[in-house]
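The following pair of complexes shares a single chain, subunit A, combined with subunit B in the former and subunit C in the latter.
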Partner chain A sequence: MMLKNVLFPKKDARLYMSFMHVTFASLLIGGLMGLLQTLSRSGEFQLPFGINYYTILTVHGVILGLVLTTFFIVGFQFALMGKTVGMSDKQRKWAWVAFWTMLVGTITAAITILVGQANVLYTFYAPLRAHAAFYIGLALVIVGSWIAVFVNFRQLYVWKKAHPGQKSPLLAFMVVINMAMWFIASLGVATSVLIQFIPWSLGYAATINVLLSRTLFWYFGHPLVYFWLLPAYMAWYAIIPKIIGGKLFSDSLARLSFILLLMFSIPVGFHHQLTEPGIDPTWKFIQVVLTFMVVIPTLMTAFSIFATFETTGRRKGHKGLFGWFKHLPWKDVRFLAPFIGMVAFIPGGAGGIVNASHQMNTLIHNTIWVTGHFHLTVATTVILTYFGIAYWLVPHLTGRRLTPRLNKLGIIQTIIWTVGMTIMSTSMHIQGLLGGPRRSNFSNYAGGAQVDTWISYQIAQAVGGTILFIGIILMIYIFIQLAFFAPRGVQEFPIAEEEVDAEPTPKILENWYLWIGITVALILFAYTIPVIDILKHSPPGSLPFDWPIGR
Partner chain B sequence: MATDNPKKRPVQQSGNPHTGINLKGTFISVMLLGVFILVTWFGLYALFLSR
Partner chain C sequence: MHLHKYEKIWLTFGLGSLALFLVIIGFAAFWKGTHPMSHIETIDPQNVEAHDSFKPENLGLREVAEGKYTVNIVASAFNYDFGTDADGKPVKKIRVPKGSTVLFQITTKDVVHGFQVAGTNVNMMVEPGHVSRLETVMKNVGEFTVVCNEYCGIGHHQMFATVEVYE
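Right, the complex of A and B next:
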C-alpha cells in the first residue's frame, strides 16, 4: 500500500499506457459511429458517400463493446497487478505479446468491417456471413487476451510462492477472478469461431448450425458483460473508499461477491435466447433461475457501497440519517463519475431483471429497450467508472497530475454524459415498450400507425447521441491533456486499506479449486443436456447469407 | 443495538469492527433500492398482462 504514491518504472508504465491509447482511440471512432447511427435513425439525415448503416452499426458494437472494453480492462488489470503483486521482465514481455496480438486482431477485424466485408453486427449471428478475416481478427483479440489471462495468473502465483500463508491482495484476487471467468467464457465463442465460422466463411463447410453458434455466442456473451462490469466493481470496492477518505468495508464480502459472480455469470446464456426455438423451456427456466442468483452479489455490492459511504461519513463526524451522503466529495471527478455510474446501475439492474424474467422477456425482446438497457449498464455504469479510473490512472502512468482545471472539465464531462444518456436511454426504453425494433436502419415500415408513435423518440435519441458525442470529444481532450500536457507530478494510485482491527478473511475464499470446480460443475449442469439436444435434433444447417447484410 | 458514537471510540472493543457502526442510512437506502426494483418489475408485469 505504501507503493501507491510511487510511480511505476517507465517500461511498465509504457505497457499500461499502450492499452489506454487504444482504449481512447476506440472511444472516438466508436462514438462517432454511434452519433451517425442515431442521426440516421432519426429519419432526418442520410449517411454520406453511400455508407451502409450496418457497417457503422458493426463498427460501433465491435469497437466499443469488444475492443475498447477489452483493451481498457486488460491494461487496467495489468496496472493493478503491477501495483499489488508486481510484474517480472518475462511477464512484461508476454504482456507485450498479448497487446500486439490483440492489436493485430483488432486492426484486421476493423479493416474488414470498414471495407464492407463484415456487416454482421457485433453478435455476428449466423447465417449472416462476414469475410473470414473478420472472424480471424476477433479470434486474435481473444487469443491475445488469453495471454494476458495467463500472465495475470502467473503474477499472482509467483507472489503467493514468495508470501506463503499470506492473503493475496484484494485487487489481485479480483483480477484473477475476472480473468478466470473471461477464459472459461471465451472458450465458447472461440470454439464457435474456429470450428463453425471460419471453415464456413472460407467455404470449407457448406452449412452452419445456427442454433449451436448462437448458444456458444451467448455462453460467452453474458459473462462478457460481467467481464466489463467486474473492473468497475474493483474500483467501487477497493478504490472509491480510498478516494472518499475511508477504508475497505469488508474484504471478505468483496471476495465472496466476486466468487458468486464467477459462479453465476456463465451458466445463464439462455436468458438471451428465451425466444429461441429449439431449446427446451425447462433448461431456459433453469438458466433463468441461475441468472437471478446474480442478484445476490449485485445487492451485496450495493449494500457494501452504501455502508462504505455511511461509515466514512460518520467517522468524519457527519450527523443525521443522510448527513454522510451530503458530504461525499462531489467536486472530485474521481468520485463523481463512478458515482453516477453506480446510480445508473439501479435502473440498469432493474431493467435487467425484467429482461431475464422468462415470459416477460417477450415484452422487450429485440426492441430498442434492450439497447437502452445496455447503454445504461455498459455505456454509463461501466464507462463512467472507467473514465473515473482514467482520471487518476493516466496521470499516474505518465508522471503528471490531474489539475483542478482538468478535474473541473471532468465534472463537466460527467454532467454532459449524464444528460445525453438520460435523454437517449430513456427514449430507447420507452420506444422499446412501444414495440420499436433494435438493430434495424430507419424505416417507416410502409406507414403503420404504431410506427408514428416511435419517431419522436428516435429524434430524442439523436439529440441524446449528439450530446454524448460532445462528451466524447471532451473526454478525448482530457485524456490527451493527462497523457501529454498536464503538469509533471505524482498522482496518487488510490487503493483502500483494511481497518486495523478487521476480521481476518476466511482462507476458504482463496480456495481456487473449490470455486472454479463449482463454476465448472454449474456450467456442465446448465449446458450439457441442452447442447446434446441441440446437436442431436437441429434442423439442417444454413447456407451463408451475404445479403441484405453480411458482405 | 449499539449506539456508540464511533468518533469517540475509533477502535472497537469487540472483535467485529462493524458492531458499533450506525448503518441506518444504509438500511434505508437498500430498502429504497429494493422498492425501486419491485415497482419497476410489477409495473412491467402489469404491462405484460395487459397485452
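Right, the complex of A and C next:
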C-alpha cells in the first residue's frame, strides 16, 4: 500500500516543492535578519542605509515564525497525505489555491513591513497601528492555510469512505490532528484581525479593546508553537524508526499522545499573560495547570523514541547497556539532525516549565531568556527536524538522491548549527536571568555594571548568530543541490511499519467527535468566564498610535 | 491498549512529580499569596490624571509610613514619568533605603509598555486602561536598571530609569 520508493507523479511533486522553495527562501531572508539583529545589538556595528532595528526584527519574526513554518508544515503534510491516502485532481487544485493565497498574503505583509509601515513585530500588539495591508496580508496567510486544512480533512474522508472499517494511516491521522488544532486555534487570531484590527486600522472603528486583542492573540499563540512541533513529532514517531531500521513502537500510543496534544495545547494562552493586570489570577492558575498537562504526551513521546532506539539496536545484536546507543546511525544526517533536535528539547522543555510557572514567570517574563528558550525549541528542535526531513523529502520530490557528499555537508551543517545555537541560546538565557530585556535595540540605558554585563552577553550572541548564519548559507547550498543538481535517482520516503504482532489499535482513538468535543469543552471551560470578565470590566478603548512605530 | 511495564513506571513517576509540582505552585499562590499581579482595576487611558495616584503632583517616590514607600509612575512612549524634583527637572532615579517595602503603581497614557526593575522581582505588563501594581521588599543594595521590556515603538530601548537601594 505504501509506495515509499515510488516517486510522486510530477504534478504532485511540483505542488509540494513549491512550498519547500518558499520555506528555504524564507530561511535565507529571515536568517539574514537574525544575523543583522545580533550584530546590531552587540553595539559594535550599525545597521546600514538607516534601516530600523525594529523593521528587521518584525521581518525576522514574521518570516521565520509564521511564513517558513507554515509553508513547510503545509507542504510536508500535503506530501504525507499524498503518500498515505492520496490526492485527487480536485484536491490538488484547491491545494494550489491554498498555496497562492498564502503567498499573496505573505508578499503583501512583507512589502508593508519593508517599507516601514508595520514596525509592530510579529505579535502586532494594539494600540500600535500598522498599515491595514499588514493585517490583511496576515489574514490571507491564515485563510490560505485553512484551505489546506479542509483539503487534508477531505483527503482522509475520501480514503475512509474507500476503505470502510480500516484504521487510517498513522501519519494521515497525525496530519488531521495538527490541522484540527490549527483551525480551532487560528479562529482566535482571525477573529481579532478581522473584527478588531482591520476595521480599526482602516478608521471604521475609533478604538480597540487591547486586553481582548491580546487574549485572542495568545489563544492562538501557544497552539501555534505546537503546530510547529507536531510535524517534528510525526517524524520522530513514524519516520525516524524507519531511518534507523526499526519498526513503529506503538501505533495506539502515538495516536493517544497526539490526541492529548490536541486537547491541551489550546486552553492555555494565559500563561503568556501572567504578568498582565486585567486577568483574574485564579483563571491564570487554572490555565497554568492545563498547560502542564502537555507533560504527559511529552513523556510518552520521549519514552517511545528511546524505546524504539533500544529495541532496534538490540534486534540488530548490539550488546551491553549502551551498545544500542553507540550503534545508532550517527553518520546519517536524516537521523543526526532530528536527534540533536530531540536533545535540545530537554533544556528547551525545562525552560518552558519555568516560563509557564505561575510565579517563576515573573523573573523571566519579556527578558531575553524567553528568546533563548524558543531558539532552543523552535529554532533547534523543530528546525533541525525539518532539515532532517528536507534531506530526504526534497530529493524524493525532485527525483534526485542525497549523495554521501551532501550527507556529509548536512552533518557539518548540523554541527555548525549546534555550536552556534549553544553559544547564542545559552548567553540569552543567562542575560535574561540577569534582567536583560528581549526585543530591544542596543542601548546603554543609564549605564552601570548591570548594563555592562548585559552587553558582554550580547557580544556572545553576535558570535553565535554569525556561526548560525554560516549554517544557514550551508543549508541553502544543500537545498539548491538537492533541488536542482544532485544526481538523478530514487530517494526513499521513509515511513515506519508496525510490528507484525502489534496489538490492534482501539477504535475509540479515531472517534473524532469525542476528541474534538473534549477539546472544545476544555476551551469553553478555560476561556468563557475570564473572557466575559474582560468584556464586562473593559476600560475605555484605545485610540490607534502610528507615530511610535515611525509612521 | 498495552502499556509496557517500564513505561508505566516512567509515567507514574512523571505524573507524580507533575502533581507535586502543581501542588507546590498552587500552595504558594493561594495560601502564600504569591499570585502574579492582577488587580483588574481600570482607568481611562486618555485621562489618567483623573486617578488620584497619577495626578502630576503625586508622581514619583513618597514615604507613606516608616520604611514603607509608594512609587507612582505614568508610562508613555518613550518615557517613565516619575514626576519632577525640587528644580523642576524630571526624576530619572529614585533612592530607597535597604529593607524598605516599596509599592510600584504604574499605568500608561498610550501604548502597551513593560516595567521591570532588573535584578528584582518587579516585572509587570503596563496596558492602556489598566493599573499595574506590585509591592516588594528591597533586600539588596545596589543600582537597578528599570527597563521597558515590552516593545512600544522605535524608541523602546531608550525608555529607562534607575532604582538605587542604599545601606
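Note that in this section the second predicted complex is superposed on the first by the 546 of 551 C-alpha atoms of A that agree within 3 Å, B and C clash if a C-alpha of one lies under 4 Å from a C-alpha of the other, contacts with A are read in each partner's own complex, and residues count from 1 in each chain.
Here is the rule we use: a contact is a pair of C-beta atoms (placed from the backbone, for glycine too) under 8 Å apart; a residue touches a chain by one contact, two chains touch by 3 or more.
Remember, it's a predicted structure, so these values are computed and weren't measured experimentally.
Colleague: Which partner does A:Gly278 reach: the first (subunit B), the second (subunit C), both, or neither?
Modeller: Once the two structures are laid over each other on A, A:Gly278 reaches subunit C alone.
Colleague: Is A:Ser357 contacted by the first partner subunit B, the second partner subunit C, both or neither?
Modeller: A:Ser357 sits against subunit B and subunit C alike.
Colleague: Which holds for A:Thr311: it touches subunit B only (first), subunit C only (second), both, or neither?
Modeller: In the superposition, A:Thr311 contacts subunit B only.
Colleague: I'd like to know which partner A:His365 touches here: subunit B for first, subunit C for second, both or neither.
Modeller: second
Colleague: So in the superposed three-chain picture, is A:Leu321 touching just subunit B, just subunit C, both, or none of them (first/second/both/neither)?
Modeller: first
Colleague: After superposing on the shared chain, does subunit C or subunit B touch more subunit A residues?
Modeller: Of subunit B and subunit C, C contacts more residues of subunit A.
Colleague: Pick one for A:Glu503: touches subunit B only (first), subunit C only (second), both, or neither.
Modeller: both
Colleague: On the A-aligned overlay, A:Gly517 touches which partner chain: subunit B = first, subunit C = second, or both, or neither?
Modeller: A:Gly517: touches no partner chain.
Colleague: Regarding the shared-chain residue A:Phe303, is it in contact with subunit B (first), subunit C (second), both, or neither?
Modeller: Both partners, subunit B and subunit C.
Colleague: Hey, what residues of subunit A end up touching subunit B and subunit C alike?
Modeller: 250, 299, 303, 307, 353, 357, 359, 362-363, 503
Colleague: What does subunit A use to touch subunit C in their complex?
Modeller: 52-54, 119, 121, 123, 125-128, 210-211, 214, 250, 252-253, 256, 273-281, 284-285, 288-289, 292, 295-296, 299-300, 303, 307, 353, 357-359, 361-363, 365-367, 434-443, 445-446, 448-451, 503, 506, 533, 537-543, 545, 547-550
Colleague: Please name which positions on subunit B make contact with subunit A in the complex.
Modeller: 6-7, 10-12, 15-18, 21-26, 28-30, 33, 36-37, 40-41, 44-45, 47-48, 51
Colleague: Could you please specify the touching residues of subunit C with respect to subunit A in the complex?
Modeller: Going through subunit C, the ones touching subunit A are 1-4, 6-7, 10-11, 14-15, 18, 21-22, 25-26, 28-30, 34-46, 77-78, 92-93, 110-112, 114, 116, 118-119, 121, 123-133, 143-145, 147-158, 160-162.
Colleague: Could you please specify the touching residues of subunit A with respect to subunit B in the complex?
Modeller: The contact residues of subunit A facing subunit B are 250, 299, 302-303, 306-307, 309-311, 314-315, 317, 321-322, 324-325, 346-347, 349-351, 353-354, 357, 359-360, 362-363, 433, 499-503.
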